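Input: one structure, supplied below.
Just so it is clear, A, B and C label the chains in written order, and each chain counts residues from 1 on its own.
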């Protein structure tokens, strides 16, 4: 999908920095996300990805820099504030309670109610029905909405989390390493859900350390290394090989490859 | 997109009604209760007589009211070791304020309620604020209240008890509400049994049918996940501690009304029994799972066992051994049933 | 704004409420006379009292009251410590010896465990008086004398009294598992009664459940015609249990409190056996003071007995007031 420079991006991150004590976790990071597009945030461990997510989901506040939604400055003071702004975060641990049923998890924190006063109760029937429907919309038939979320497979759990975010009117979906703990086939399935969410008009921030997962679905790529930005590229501006090289630290990888060749191991060049 | 959607209906059929029932946390305790009943009923005909039933339902009811509150707290992921001594604090406060300081009975009850609710609030607040395990915080509170209960009682009364509560104004009404009996087929039953049933229903409704109940499961199951989706963790936790205190207030005043007096050392050791009843009822020690009905069944098992041993004529010196053995069996049976049910689900 | 108004209203109402609150006739337990009118003694001796009684125990609370009155009457500096664990009790005695007290009062539930510490005290020149239990070993350890009642004597008295009242089958209710003194009482009752005696275990910290247990026993065994309790607070619960079970059993108890005295008056409790714990606290303080000041020794080599005394319908009325004050 070609970028339309006329409308303001859904989310713009401008020169955001965050320090924890004397540790610089993020330094002047900038990128944008547009509705109906996927921006991938790439980086190895320790790059500052989780700090960035926490800032975008309202858990932390940036020390410097601003956030803009639809072109207007915005302050995300709490997870609730972020949710209200339409930013839904799917954490690595999925923010799901393993022992609770799927429908209970689906509506956790946003339970539908019926009745009023002391008779105000959690509308379980509605919750179960909606959960099943939303999951079907994503193309999954959860066998039994009563079963604890912990008994679902990794891919199924991701789908519940994404379906939840989509249902609650998220305009921007942030996915924290959704494919990292999954096998190849399951990861493929999750990537398909990401595309589905994108096609429904959401903006997606896809955080990962795997450029081969990121490249097929991404429209924009932000590379982080040790809290600093290595570049913010549109898809047309970079190839997957270049992405990998930048992430691994280009020159360092070449040197490592030469060393390995000398020892007698085939290196990838 | 149909990769996951394969064969949805065929898998649904397997998760039949039977398996669904087995997974319910209270089923294990129900089976345990039936087994214990059958055991003692076969050993003693008085146990299964109307008088016997009325007798063992009585300790089960007062234990059950506390067990439901403690179970809710445990599902929420916390322990309250001060629950037992709060019972004494509530009764002692009501007793001293009226019989030594002449306070109006209803006001004294209100003050006693405010006091234990304050203790509950403090427990919850400290747990949330410090991040220390609730086991430690409430253990400290337990020791402090134990000392206060005795110290204050001695200071005011010069003895270790507060008595003559039956002389206060309004005692008749209090007795009718908290300590009277109702008759079924000629046998008197304590009214606490009705209160117990009411509390169990209310507790179960709160847990399973309200938003707050959903939050209880969440906070106990995964605290950080709950925070991240916007569940009010602090408010939920403090409320749960205060609910335990509310139950303690009810039981403490029931006791002083029923016995017309209360000992300073009442309740010491009971806090562990509440936890045992909750665990028999299916509550996990780690939180996030359990049942109010199960906790009541756990209390029932405890009541039947402690009185059943007497009815069966077993040697008194071995009482604690039998009690412990019965409880272990009940918990293990519960565990076994649940494991079986869980594996069959996959 | 409305919130502020509500708070100010509450603030104005509260004093009025308090005024109304305290004007009812609820203060039935208010002490009108103080029993602690102090003596004018100026002896100033340092005495340590180390017992095995539990902190909240009704019986030992009265002992402590006696100790405190003795201290104020004599003008002595007296400390009261207790621990049910014999080893810890021995450590408390050692601590008192280190502080070079002028006198030591000890109760010996487990005499052998305390032997070493007591003899260290005596070698250090500290006179020792034993109270309550351990009467047999008192002289052997070198104590000045023993002040107390004999659990066996008391139990025998109870057994005899019940036998005279025609009781043949007794349930003896032990409210603290493993307590040596309580076991001795039941054993003595059994020996004196001649009929059947069975022990029953209940929890002192959960009296309503204790009542249910006693009621269960009476329902299960219709042959029981007597119940003996070993503490005043259990006696009142047992009286209710007997009524609820519709049992004709007679009730007797060791140790007193105001409710027991009242129940003896009304006939619900047949009699109570009292070993005057107040004396077990008061007398040793006085005796040690007089020994230090005047080398007086009471008893003539024999233990000074504080009981058993019987509380029956005849004297229950006067006893009740004293029990309410915590001295009997």
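Note that a residue touches a chain if its C-beta (ideal position, glycine included) is under 8 Å from a C-beta of that chain, and two chains touch if they have at least 3 such contacts.
Since this is a predicted model, take the numbers as computed values, not measurements.
Taking each chain's centre as the mean of its C-alpha atoms, the one that lies farthest from the centre of subunit A is C. When chain centres are taken as C-alpha averages, the shortest distance to the whole-protein C-alpha average belongs to B. Taking each chain's centre as the mean of its C-alpha atoms, subunit A lies 43 Å from subunit B.
For the pair subunit B and subunit C, the distance between C-alpha centroids works out to 33 Å. Note on chain placement: the centre of subunit A and the centre of subunit C lie 71 Å apart, centres being C-alpha means.
Subunit B contributes residues 44, 46-47, 49, 51-52, 55-56, 58-59, 62-63, 84, 98-105, 107-108, 149-150, 154, 157-164, 167-169, 188, 255, 258-261, 263-270, 306-307, 310-311, 313, 316-317, 319-320 to its touches with subunit C in the complex. Within the complex, the subunit B residues that touch subunit A are 1-5, 8-9, 11-12, 15, 20, 205, 209-211, 213-215, 217-218, 221-222, 224-231, 284, 288-289, 342, 345-346. The residues of subunit A lying in touch with subunit B in their complex are 57, 59, 79-80, 83, 89, 91, 93-100, 104, 107-111, 113, 120-122, 124, 138-141, 143-144, 146-147, 151, 155-156, 159, 185, 189, 192, 196.
Residues of subunit C touching subunit B in their complex: 17, 20-31, 54-58, 61-62, 65, 174, 177, 198-201, 203-209, 212-213, 215-217, 219-221, 233, 236-237, 240, 244-245, 257-259, 324-327.
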